[in-house]
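What follows is a short report on a single structure.
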């Protein structure tokens, strides 16, 4: 089997979560990489929607911004930004919202707003973007983010985007229609919500990763599923597709 | 001077009310004929908007329907129907709403819904269409309709579209932004609202028409302006433009 | 992938049921007449019919007894006069009494937008001084939480089925329509199920100006029906048959003549092509 | 007819005043950078700046002290990281403290639609479970008068001036833009005054797919500025300068380096053409 990096494993594990034919609202960065990898491997008919209004985008390289020209050129339809949020997202037409996170808590709530106090932040993060409504309206949400105790925190400095709120059925009490986060994919493994408490539980480790490592990089006491599984290692086909995508992207953007 | 019919006089008098460059929301039928005549004579830069979403339409023949293909082909922009009502009409971008009427009262309120009782109508008319909101939001309204006591009634069977409501400043109390009907053009003359009571006053007679005839064809006691004027007779240029427009229209639609 | 390309007959049989709330939209342009005929042929009953302008397509459905309730904003024969079957139903309860719900164009257009947007109601500045709200308790008010202004609130429209006619679909079922776009996109996205009849099936859609696209995954069935909007038209494919609209005034004025016309041209024809042939035969 | 074709310098001088609420829109595509530079050159102050994604264009305005208040939904350097001038203003009050009002993309997009529609507020399903409404009392609720559901209400946005960059204007001043359309049409129609910079002035507009047209009578000024979106792009005319966005991270990280860069390339250049030349000179 080929060598691969934890980042590659994370992207490939995330891509596998996307079913062929699913309509997917894609955030920029890791989610976009994973979603396009899915499209180039097992899910050729996945429909990728970016908040710039490109519906059914099929970029040959990863977009650096959510509004790169190739997204429009390859899309089935280009609609105004307000329409993508109103008819397509709020209208209930998105199967999967694919998002990243700067901070995440045990109920998969997300902070992308500030580190520190909102009125006098230590670090000002970019903010909400489309995430609060993507997380509310997509039929389900998949999160992709690297594992670190600064990311997987005991308590968020700010709740930008809701996951399972305070756990249990508290999300349903908010009146949202989507089912919420189905999985959090990291460079160490996969976390999924407990059916009852909705707290995240470690359900998969990527090959070679230990429970101890995952716990060390999670700031809350991480529960482990009794049937903890090991993610299948990347296949040659997956790795080749991902590396070719990254190479095309680097050539196009001059990015590493 | 050439001979002309009362219908021709009415259409020409109505067309003169449209200033060059005005943005005009046009109803089908008489208003459309008058507005296009204005465009073909003294107001080449008038912007005609039809509720089918054609903005800046320049048809060579009169459309039989509000959605004839030539409106789209000659328009500066074609927008969805909801947009024309939201961004363009409700958004306050219309200078003149040009409408017809089946019944009209002394305050220029209009009925296009039923004759008789609403629950068991003697005659079921087409209904509101775009008129209630055109009359509310256009900066001013011009009405075109033939004079008859069945049209100019003492009391409407149904108020479909508001003019000056109950007179005085009662229209303003409805919270609408447009100033309301500025003139009613008929085949006999022109009626305009009194500055205070807002009741319609006969301000112009077309050549050869008497006050008595106008009063006989108005079911309420019609007030006459002290400075009652006579409309200028159609010019050769106006008549020629109108007749050529009608001839082109008849040839295109097979209509009389 | 499910093949969405089926016959109009199959599409109506599968997706439209007695009692459904149905919208056949098309603002003068692209009116789905072929689909209306097929509803008549299949004898659908008790339909709630949404349409801004009922036009000839609903005059026929109402006259044939398919409608329980009609929601509309302008019920005339454009440029000609009355819709006689609609009037006969409202004025004299023939062939049976129907419920009507009257709204304005601005209201219905906003209500489709709200439906497509997953909202329960739309906000507009509507009906100032009009008697319509007195006869329709579904025209209500809402107060702006910022300015205190009182605005009109209307319920969103979410049909069980929306049927539209468009110029093109590709093999996957992506749909493109252009020219006067009306409210079709919103009516389709507001509905639970969507049927589209098209002028042409193309291998690949070449986007045209003001082209409206419904991706294939928003559409349940696509049926090829060239000329399927007649007497309405499809921009780039046909012209509006204004003479037919004028002739309809006479055909529809008399109950027996209407019924004989519908029997001959719709009920006794197998499909839209046969209907067009029977019309050509006079 | 007023000639709307004037220079960008004249357009900014005439239509944008200190203290105005200004929207420079363009969702990654067609960001009106040339107009942003001209605001810096003319030393505008105390602006309320609306923009979904502040991007480099507002990072420059904020760093140069032009902003009193910034209303936004996502304040990062797309695909790169932070907007350092925005962060420096928020975190450390440099060059002076600014007010920020944070909303979500869905909120701001709806608020422009409401503004264009002449409504005082927009209704959406927004912010469920988010802390943002706790810090923004302009995110309120409204109750559906039909279902009783409680929905989010946000105030509409009506800028004093909206500035956009588009591909084409014709001689009369009709404007066409295509590709990713963003919220520019709504932002323009919501504003009291509209300035458009364009890649090209054409004698007659040939409509293209997804072309958005602002009729000339909705536009106050049109200025020809080829490449005026750089480092953003104009579909069909240029490509996004991704390397510039990456370089901006370093340029903007340090206050002095930022200021020296702005002095050299913006304040000491006469117009956008000179700016492009100074960039090319390195």
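By written order: A, B, C and D. Residues from 1 in each chain.
Keep in mind that, in the parts below, a contact is a pair of C-beta atoms (placed from the backbone, for glycine too) under 8 Å apart; a residue touches a chain by one contact, two chains touch by 3 or more.
Remember, it's a predicted structure, so these values are computed and weren't measured experimentally.
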item	value
Any chain in contact with chain B as well as chain D	C
Chain labels contacting chain A and also chain C	D
Intercentroid distance (Cα basis), chain C paired with chain B, Å	28
Distance between chain centroids, defined by C-alpha means - chain C, chain D (Å)	40
Distance from chain B to chain A - Cα centre to Cα centre, in angstrom	57
Residues within chain B bordering two or more other chains	86, 90, 137
Interface hub residues of chain C, defined as touching at least two other chains	113, 118-119, 124-125, 149, 185-186, 210
Touch-based graph of the chains, sorted into line, ring, star, complete or other	other
Full enumeration of touching chain pairs	A-C, A-D, B-C, B-D, C-D
For the chain D and chain A complex, residues of the former touching the latter	27-29, 52-53, 72-76, 78-80, 82-83, 86-87, 90-91, 102-106, 109-110, 112-113, 124-132, 135, 149-150, 179-183, 185-186, 210, 212, 233, 235, 239-240, 242-243, 245-246
Interface residues, chain B side, partner chain C - complex	28-29, 51-54, 63-69, 71-72, 78-82, 85-86, 89-90, 109, 113, 118, 121-133, 136-137, 158-162, 165, 171, 174-176, 253-255
Touching residues (chain side chain B, partner chain D) in the complex	21, 23, 45, 47, 55-56, 76-77, 86-87, 90-93, 137, 177
Complex interface listing, chain C residues touching chain A	1, 113, 116-119, 174, 185-186, 189, 213, 215, 217-218
Interfacial residue positions of chain D with respect to chain C in the complex	118-121, 123-125, 138, 140-147, 149, 151, 153, 155, 207-211
